[in-house]
Every structure is written in structure tokens, then in C-alpha cells.
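Below you'll find the structure I mean.
Letters A, B and C name the chains as they come in the text, with residue numbers starting at 1 for each one.
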């Protein structure tokens, strides 16, 4: 050992220690890698701020924070292994909208997540509503809301309400109005439907749309007329205990002032055995 | 006489510049320092003095050549235990006090606290810093740093003391003090190897010198042998004689009013001048024969190259 | 012993460095502000305090280790205090070891201060002492020792700024090793894959010293880790210091 101290440690000694320690730490590392460590999915939720103090915390970087939270939220909600991940969905998206009300993507995406993943259509519409409230010029929000209401919730009244809001915004696509009119028809608000389809017919320059509008008008008129006719048949039956043989008898009996004709001026078809009237033409085949 | 330090054929190059170019600093240095003497190592800036010293101390590794300290290889622990070193322009741990500083170095040699403390006190006294023993080093002046550095170099009671420019940046009083300490070390039987620019001091205390220039030793030997006793010229200050009459006798250096400073090279001319002054009833104010100084030798040698 | 002398000298020097106290201040601020961060969150508040606290200890500890490690050796060379030291009968490797031990002693003190602030804060919330936190801090200390050795290694041949950047990169890479693992999985087998696997094994895996997830979420601690992690740290540190000594051995001090 004293000889070693005299000459100084030779390079061989160093290389030996080097190789030994290298081998040792690599072996240990391989052993450690085999130890299983639990990863907690969704543990990052503890970092999501609560809305209360948010105003004080952001120091002017609120839109940046909104971006970060939004990006995080997308990753978070895509991870199906996280249990109960929709617990704070509305909270998170309301935070994003609070931080940056004019950031549009989160409203749409949040609504999609709420509807299809969390299966919470009310929340979905709520998100879209708040989007519209903060961004009154964005027709896309009520437009999508109307679609969700119509196609998923199947609530035509709600759909009508949304479509109306959409069509009233400048720049919204013409189809919004048509969807509105159609929804009105479906909830049997025939007056509104008729009025709207008429407007569409008169204002459009597109031949195809004129045709569509006219077909719908036919349908609405037919519905209105058949309603009236059916009412009259009802009264006839009450009086005479039988269906009228012809529709014209309804006029003769005084239950109708005149016999309504369809939009093309044709008479409605009538089946006396059933006591039902129906339009002579199918609207789409005109 | 034992050889304290023996350097044989020392070569060292460095790679200098962005595109490394080999620059040879030491081109075959050989010298011998005998035990108990004060050896001076002289040379202009960049000659390789500090490089040589660092090779001796194992701070730099030479390419070729050997160095022995008291017969042992210079990198061995035994050699280092007998050596003490004071670097040029020393900086030390600023936050330590003088005593703590010496204690730290002492810690490397002495295991017992008592011994360390005794040695530290002794050295502080030797270099005359008792007053400032508890002052932090960052508050020390240049001269004080040199002195505490010298103390540190002596902490292990070395037989060979290597000093790199120990007198640099000191005022005349400081230089005298250090010179006195060096002479004292010699009296204690230690060998001192010092490199310096200040030739007057070297002349005063060194026994032998070596002159290094451009990485080579151009002259080596005892001062007596190198610097002849020959009188080179005589400087005479006189008055009362007209300069015209002095023409041809000597070089007129300066004239202050009446006094003329004359430099005379030949001996026979001196007699003529003295006769002239007596004749004109003038006055000799001073008469100084100048022998060759180390400086003359040095400048002469360096200029030749 | 000579190493001890150098170590205590290094400790005295390092502990007086003002940068350390600046970093200590920032660490304290971060730990205390985790309390405010906790106010802002949705989930369990204590979890955030523990998480942020441990992360601060690790990060600021690493910064201290890097700052001290890279400057200390370089300062000695720059200020030439190293000349008088190396001309004494000591081995250059003793110098390196002395510096290392002095530095980890300093780190220990700094970590102690930071931990006290952290644990006091946690105690003020939970009114219990979580021993797992102490274990986590112990592992952080091992991690810092490893980083110190890396910093010292770099400072043996590089300027403080470059050494700091390299050391900091090693710290970040050490914590992002999962990224490298993902990369390895996606590459086709072949020489490139083997090369990257070798690099992955040679780079320090600092996640071995990180039990934050287990501690914060009250999961059982992996017991084998407490045997293997110190062993890993020891050998990796030995590896770095050996390389440092090796580089230092034949270095010319111009």
C-alpha cells in the first residue's frame, strides 16, 4: 500500500474501479427497473384550480393558463383508465371559459365530451349556452345545440329554441332557418312553421331551396288542412254516429265553411271507412 | 555537498490557440541546486521560470527530462514532504482568517491539534503578522498576502523552499523583510530556490544563479564568477570646468547648473580629469566606480539572443 | 486524514457562499406558496403541499448541488488556491474526494433547513408526522449526492457555465428516463436500439430516488428500493468521482 502511495495510483487501478462501479450500477439499475411502481392515473387532477380564487391567481396570464388546462383536459379525458373522470367536467370547462371566454374550441369539445363520453346531454347544452352567452356572435354554439337537442335528446321544442337563436345571428348558414322551421313543424307549431317556410321561399334565390320550401309549405298546409278536416269529421261523427261519405258532406252539414284544398289546388283524399283524410301527393314527389 | 534539486533536460510544450498549435516553452532545462544555498532563477517575462517551478512541484507534467529532490523523484510523497512552495501573485481562501488558513495546511501534515497550533503561531511570528492573526485573508494587503504565503510554504518545515517572485509588488520595506527571512532560512540550513525579476535583490542574497531565456539556460554559476569585479566605468560629478575642455575625456551625462556628471571609461582619462579639475580650481562632488552589475550581465545576455 | 481536512475546508467555504442562501430563500418561498396553491385546487389540499414541497426540495437541492459543484473546483483553479494545495504531499484524487465530502456535508445542512420548513408546513395541516416524508427526503439526499458528483466531474474539465448546463441537463434527463424508455419501445430492433439502450443504462436514473407518488397518495413503499437505490447511488457516484480523479490526475495547471 505504501508503494502505491509512493508512485501514485496507476491508470490500471482507476480503470479497474471504473469498470467495477459501472458494472455495479448497471446491474443495480436493471434490478430496480423490475420493481413495479404504481402510476396513479388522474393524479394531476389535484392541480386543477378551483374557480373561487382564480381571479386573483392568474396575473394576466389567464389565457395561457386556459390553454394549458385545456390541453391537459384533452389528455385527461382521453385516458379511459381513470375512474370517474367526468366528476369535475363542468367545473373544469367552466374554469377554462372563465379564464378565456373567447377561446372557442373548449366549448365545442367540452360539449362533445359531455354528450358522448359522459353521457350528460344537459351539461353539453349548458356548455354551449355559456359559449354563446360569452360570444354572442358565434352561431355555431346554438347551431350545434339545436342538433344535439334534435338528434340525441329528441326534444324538438328545445331544438327549435336553439335553431331560432342560431338563425338570428348574422352569418349563420341558411339551413339554420330551415331546421327551425322543420322543428316547429315537428312540435306542431304550424303557424310558425308556415310563416318561416314562406319567408324562406320568398327570400331564397336557389331553385332547389325554393322547391324544398314549397314542398314543406305543402306539407304544413296539408297538416293544417287535415287537422281542420279531422276536427270536422269528429264533430260529424258526434252528431251522426258515422263518418261522412264524402268530404263535401262536411261543408253541406255546416261543419266546414269550405273544403280546403292542398297547395296545388287538389282535393284531399278521403277514406270513409276509416274517416281519415290525407294529402293526394307526397310532398317530396311533387 | 548534497544536491537539493536536480533538473535534467526538461522539455515542455503547450497547445496554444483556437487551432491548437504546439508551443515549446522549455527546451531542455538542466540545473543543480546545492543544499543550503540560495539559488536565483532569472529571466525575462515568458522565459519559462514559472513553468519550470510548476514542473518541479508536479503541477505540470513535463514531456521529457527528470527532476529529483534530495535524490528522490519529484512526484513522490517523500519529495513533497520536504518541499514548500509560494506561488506568484498568491490568492488564498479569502474567507479564512490567517490562523485558520495556516491551521488548514497544518491539518494536512500534523495530526495533533497542539502541534498544529504551535507551528502556526511560530510561523505567524516569523513573518511578522501576529497583529492580524484573526483577520480574514480577503482584507490582507498584497504584502501581507506574500508573507502569509511564505508562512504556508514553511508549514511542514521543508528543506527545500521554492519561491516564485516572492518580492513582487512589495514596497522597499516589505522587500527587506522578506529578504531577511530568506537569509534566516539559509541560516537554518534550508535551501531556497527563488525566481525573480528584481535583480538588485537577487544580487544581494543569492549564492548562485541561473539565467533562463526563451526556454533555455543561457548562463549558470555563482554570482562571483558570473559578474566580474572589473570596473566598467566611473561616474564623476564635478564643477568649475568647462565642458569644452572635457571633450574626448568622457561622456557628458547631465548638466545641473554648475555640476557636470561625467562618465569615464578609461582609467588614464580619470587622471587627466582629476588633474584638470585641480588646475582650474574646480570641485569633485562625487566619484563612483561602476562594476558590472547583474543587470548589465542580464541585459547583455538577453540582448545577444 | 487529509481528505477530512479538505472536506472541512470546503464545507467552510461553501457554507459562506451567498448564492446558496438565495436558493434557500426561493425554496422556502416555493414551499410556503404551495399553501396558497393548495387553496386554489379542487382536490385534496395536503397532497399538493406534499407534492410541491418534495419537488422543491429535489429541484432546489439539485440547483445548489450544481452551483456549488461546478464553481468550487473551477474557483480553486481560477484563483490559483489550488497551487499551494496540490504542491503538498497529497494525491489529486484525495483533493477530489475532499471536495465531494465537503459539498455533500453542505448540501446536507441546506436540505435540513428546507426540510424543516417543509415538514413544519405539513405538520400545520395534518398534525401528524408522516415518516414516509422523511424517507422521501433521505432518497432526495442520495439523489443530490449523485448530482454533486456529476457536477464535480464536469467542473474538472469545463468552465462553470458549461458545467452547470451539462449538469442541469443530466438532472432533467435523469427524471425523464421514461421518455427514453418509450422511445426504445418504438424503435425497431437493431444496432440503433442497442445503442440507445446502452445510453439509457449509462445515464443516471434519478427516478429511482423519487417516491413522491407513493408518499403523496399513501401507497405502500417499494421496500426493495431502499436497498437498491443507495447501492445504485453509491456506485454511480464512485463511477463519476473515479472519472473525475482520472481526468484530474494528468491535468496541467498552467
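Keep this in mind: a contact is a pair of C-beta atoms (placed from the backbone, for glycine too) under 8 Å apart; a residue touches a chain by one contact, two chains touch by 3 or more.
Owing to the predicted nature of the structure, the values given are computational and were not obtained by experimental measurement.
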Label of the chain whose CA centroid is most distant from the centroid of subunit A: B
Most heavily contacting chain pair (counted by C-beta pairs in contact): A-C
Identity of the most central chain, Cα criterion: C
Interchain centroid distance [CA atoms averaged], subunit B/subunit C, Å: 48
Subunit A-subunit C separation of Cα centroids, rounded to whole Å: 52
Interchain centroid distance [CA atoms averaged], subunit A/subunit B, Å: 94
Interface hub residues of subunit A, defined as touching at least two other chains: 5, 8
Numbers and ranges of subunit B residues touching at least 2 other chains: 77
Where subunit C touches two or more other chains at once, by residue number: none
Residues of subunit B that touch subunit C when the two form their complex: 14, 54, 57-61, 77, 80-81, 83, 85-87, 89-93, 95-96, 100, 104-105, 107-109, 149, 152-153, 156
Touch list for subunit C against partner subunit B, complex: 2, 5, 8-9, 12-13, 16, 79-81, 83-84, 86-90, 250, 252-254
Complex contact set, residues of subunit C against subunit A: 39-44, 47-48, 51, 91, 93, 201-202, 205, 208, 213-214, 216-217, 219, 222, 224-225, 228-229, 231-232, 235-236, 238-239, 242-243, 245-246, 249
Subunit C partner contacts - residues on subunit A that touch it in the complex: 5, 8-9, 11, 14, 17-18, 21-22, 24-26, 28-32, 35-40, 43, 45-50, 53-54, 57, 88, 91
